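So that we are looking at the same thing, I have put the structure below in structure tokens.
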Amino acid sequence: MTTTAPSLPRRLAAEAVGTALLAAVVVGSGIRAAGLSQDGGVRFLANATASAAALGVLVAVFGPVSGGHFNPLVSAAAWWTGRRGAAGPGARATLAYAAAQSAGAVAGTGLANLMFQRPVLRVSVQGRDGAHLWLAEAVATGVLVLLVCGLVRCGRGGFVPVAVGGWIGAACWATPSGSFANPAVTLGRVFTDSGAGIAPGSVPGFVLAQLAGALAGLALLPVLFGRAAPGLPAVPDDARELAAV
Amino acid sequence: MTTTAPSLPRRLAAEAVGTALLAAVVVGSGIRAAGLSQDGGVRFLANATASAAALGVLVAVFGPVSGGHFNPLVSAAAWWTGRRGAAGPGARATLAYAAAQSAGAVAGTGLANLMFQRPVLRVSVQGRDGAHLWLAEAVATGVLVLLVCGLVRCGRGGFVPVAVGGWIGAACWATPSGSFANPAVTLGRVFTDSGAGIAPGSVPGFVLAQLAGALAGLALLPVLFGRAAPGLPAVPDDARELAAV
Amino acid sequence: MTTTAPSLPRRLAAEAVGTALLAAVVVGSGIRAAGLSQDGGVRFLANATASAAALGVLVAVFGPVSGGHFNPLVSAAAWWTGRRGAAGPGARATLAYAAAQSAGAVAGTGLANLMFQRPVLRVSVQGRDGAHLWLAEAVATGVLVLLVCGLVRCGRGGFVPVAVGGWIGAACWATPSGSFANPAVTLGRVFTDSGAGIAPGSVPGFVLAQLAGALAGLALLPVLFGRAAPGLPAVPDDARELAAV
Amino acid sequence: MTTTAPSLPRRLAAEAVGTALLAAVVVGSGIRAAGLSQDGGVRFLANATASAAALGVLVAVFGPVSGGHFNPLVSAAAWWTGRRGAAGPGARATLAYAAAQSAGAVAGTGLANLMFQRPVLRVSVQGRDGAHLWLAEAVATGVLVLLVCGLVRCGRGGFVPVAVGGWIGAACWATPSGSFANPAVTLGRVFTDSGAGIAPGSVPGFVLAQLAGALAGLALLPVLFGRAAPGLPAVPDDARELAAV
């Protein structure tokens, strides 16, 4: 590690804090919206919009420190795609990222519960099961991984915050599962008895589906964005040929 | 083709996947919103916002690979405006783009139906006919083509994703037709019996209106943005004189 | 005029088309939202959001051609602030701009009426009078002029589209008048009997208030942003010291 | 002070005007939304969205003049983080900033009341008390300070307007207190009897909580973003390694 990279503890702290804030917004905005509106559409509009905005902002702010993953599958994808070069985290750092993200998500969920005077950590009983929900989680996660890795491969990593926030905001509406698309936040949402919760028994299905989706996204990556070989032509960052073929 | 351009199969794959995701968000968000809200305005707000966000993100992500058209009329406009230079796709590539986009739109519609446990591909019976709807489709499509080609001609192609998403999001509200503005996605929406559907008998009117609008947009292009002649003064990309006359 | 500037007819065409599209979105989205929702807040949310998005996009797209004013008071401010240099339009061009914008706004209103199968041009009977509405129009317009001229003076004209769209979107909600903030669009909205209309008798009050606001904005300009003297230190465009004092 | 910096009076004027406009949008949009919708969620969606948009725009526009703080705690953080170099304001300038911001917030609240034909300055009776609200204010303010200072420390100050607007918009939903997160605007909101008001007796609790949060944010700053020592590796502004670890 050179002096230009933040130390691993600092990166882990950034991932933990960022994921905590993300989970706090997801859970907190759900509670607040349920208290303010009787209309399910208005509630979800608030929940999805606030979550997407927070996600985009947090990725942009913590990106220079830790990458701004907040998601074990994004970290794993960064490890996998960078495993032959110096760009990605190592396998051990990736596991440490996942642990920090998971701890952050649980802490952020507890913070939201606390702010809204609910039990700090109470296990949810809201089952979320069914093949159609698993398909939805796979699609939402696979596209997420594809977008992030594809943008980086094209040299357009600066667009990642907007793309991640925009995609998750859209996917919330486009899927019946709510597009958790994140094993750490899925784990965190076990610990709230509000509408954002998920029962422990539903977690394995969600996480496996997210993992399957991430693998599919990684499989599509070279098909759509080419290989990251040394001979790969660099795509300039300034997007000037965006609309050209 | 030089080594700097993605191969045609890769570009076709990007157009198919991108259009599929766009159609999945358009159809899926319509189904989800209808299930959550009783208010037609809230439903359409969710549907239009999610669709516009997804469109902008997908154009930005797949733009460096294939141009991010997801729309046969945008591809045709790229071919037409670039036909004398090296910038645009050839006529055969344009046809292949249209086929990939159409197949993607049908597949994406099926994916949305599947995620929401509806019949995968059931033909819609929702008629959408009338001169006022055709006028609306012509306006929405013509402005879309004008914006995309005008930005590229001004050397500001990097703004295309935001402009396309923003315009379609606004046009959804400003027109009575819902601003399909895209023959491929119009075809895809034949295959859902949800609120986003369109009956097969209404497709020719919509597509002809979109084609007429695109032609009008192309006719306005040199009037407003000048000719792309070699002697054309280049407009810098950094938009510094944006507000200056 | 050098060869680097679009000709005056082309600039006038851009102003007319851009203002027409803006008026069409303002009026059309109002009609559509009224047809879809029973909730006044949802209606106005759709109306304001669609209008703000269209405004921002249109300013960005037509900015390189004509400046993207779409508003006689913005054109007049560009003339006034640039009158001693080569940057602004001349007095005659400014008048021609205002005429093109006004014609465009009426045409765009008619287009929206036509798309929604309403009388193409029917004079509104909706009175909008009162000192509090005039105050609101003055505030909305004054800030608009201040933002646009201030950004240009700071060398950050590239942010104008977002600032204009964002401010108008916010001001729609922050004022009781709906923040017309534009004499041309105010004139156009005379010709619709939909909720977006304004009775002819209310136009003078609105336009005078907008004019007073624009003058106040121009008076504040040197107080806040300094004089555009040759000795003025240039503020770099890249916004790097944004948060520094 | 060199000739490249705006004079202190000009910077104070910018802070006063900017904070006044921010308070006017916060209060005015609350009044308008309450008049248009019966649904508490729609009301708050309008209020939060308009406030966030105005905040982001105002920070971007006035940033080059005064820093665009509009918040005594942001000014204090700029003073604290820059106290050993030339970047930040001095202690006396910071106090003057706070005074200008507070006066602006009261004036802006009065302007909103005036536009909506309410008593110009009437003291609110709306109590907002409780440890959970104070926790919420601390979290919202602490993250705000952390984001602003962290971005500047990473050399990405140009992203501050979007980050501030996006975070406050999300935090409005994620917290039960409405995320005032600003002592000056909190003071201003004392002077409206509309729904946006806060009773004088609740102000000390809110302001102390905001102060505690800001201190926590400053404490986290070096942990997450490193020290601003001369030897600190500079993070490039172009965000190219955003998604890389």
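Think of it as A, B, C and D in the order they're written, each chain with its own count starting at 1.
FYI, a contact is a pair of C-beta atoms (placed from the backbone, for glycine too) under 8 Å apart; a residue touches a chain by one contact, two chains touch by 3 or more.
Remember, predicted model here, so these are calculated numbers, not experimental data.
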item	value
Angle, in degrees to the nearest 5, of the Cα rotation that carries chain A onto chain D	90
Separation of chain B from chain C, taking each centre as the mean of its C-alpha atoms, in whole Å	27
Rounded Å distance between chain B and chain D, as computed from the means of their C-alpha atoms	39
Multi-partner residues of chain D (at least 2 other chains)	39, 42-43, 45, 151
Chain contact graph, described as a line, ring, star, complete graph or other shape	ring
Partner chain C, residues of chain D touching it in the complex	3-4, 6, 10-11, 13-14, 17, 21, 24-25, 28-29, 32-33, 35-39, 42-43, 45-47, 49-51, 53-54, 56-57, 59-69, 75, 78, 82, 87-89, 93, 111-112, 114-117, 148, 151-152, 155, 157-158, 160-161, 237
Chain A-touching residues of chain D, taken from the complex the two chains share	39-45, 52, 132, 135-136, 139, 143, 147, 150-151, 154, 156, 159, 162-163, 166-167, 169-176, 220, 223-226, 231, 233, 235, 238-245
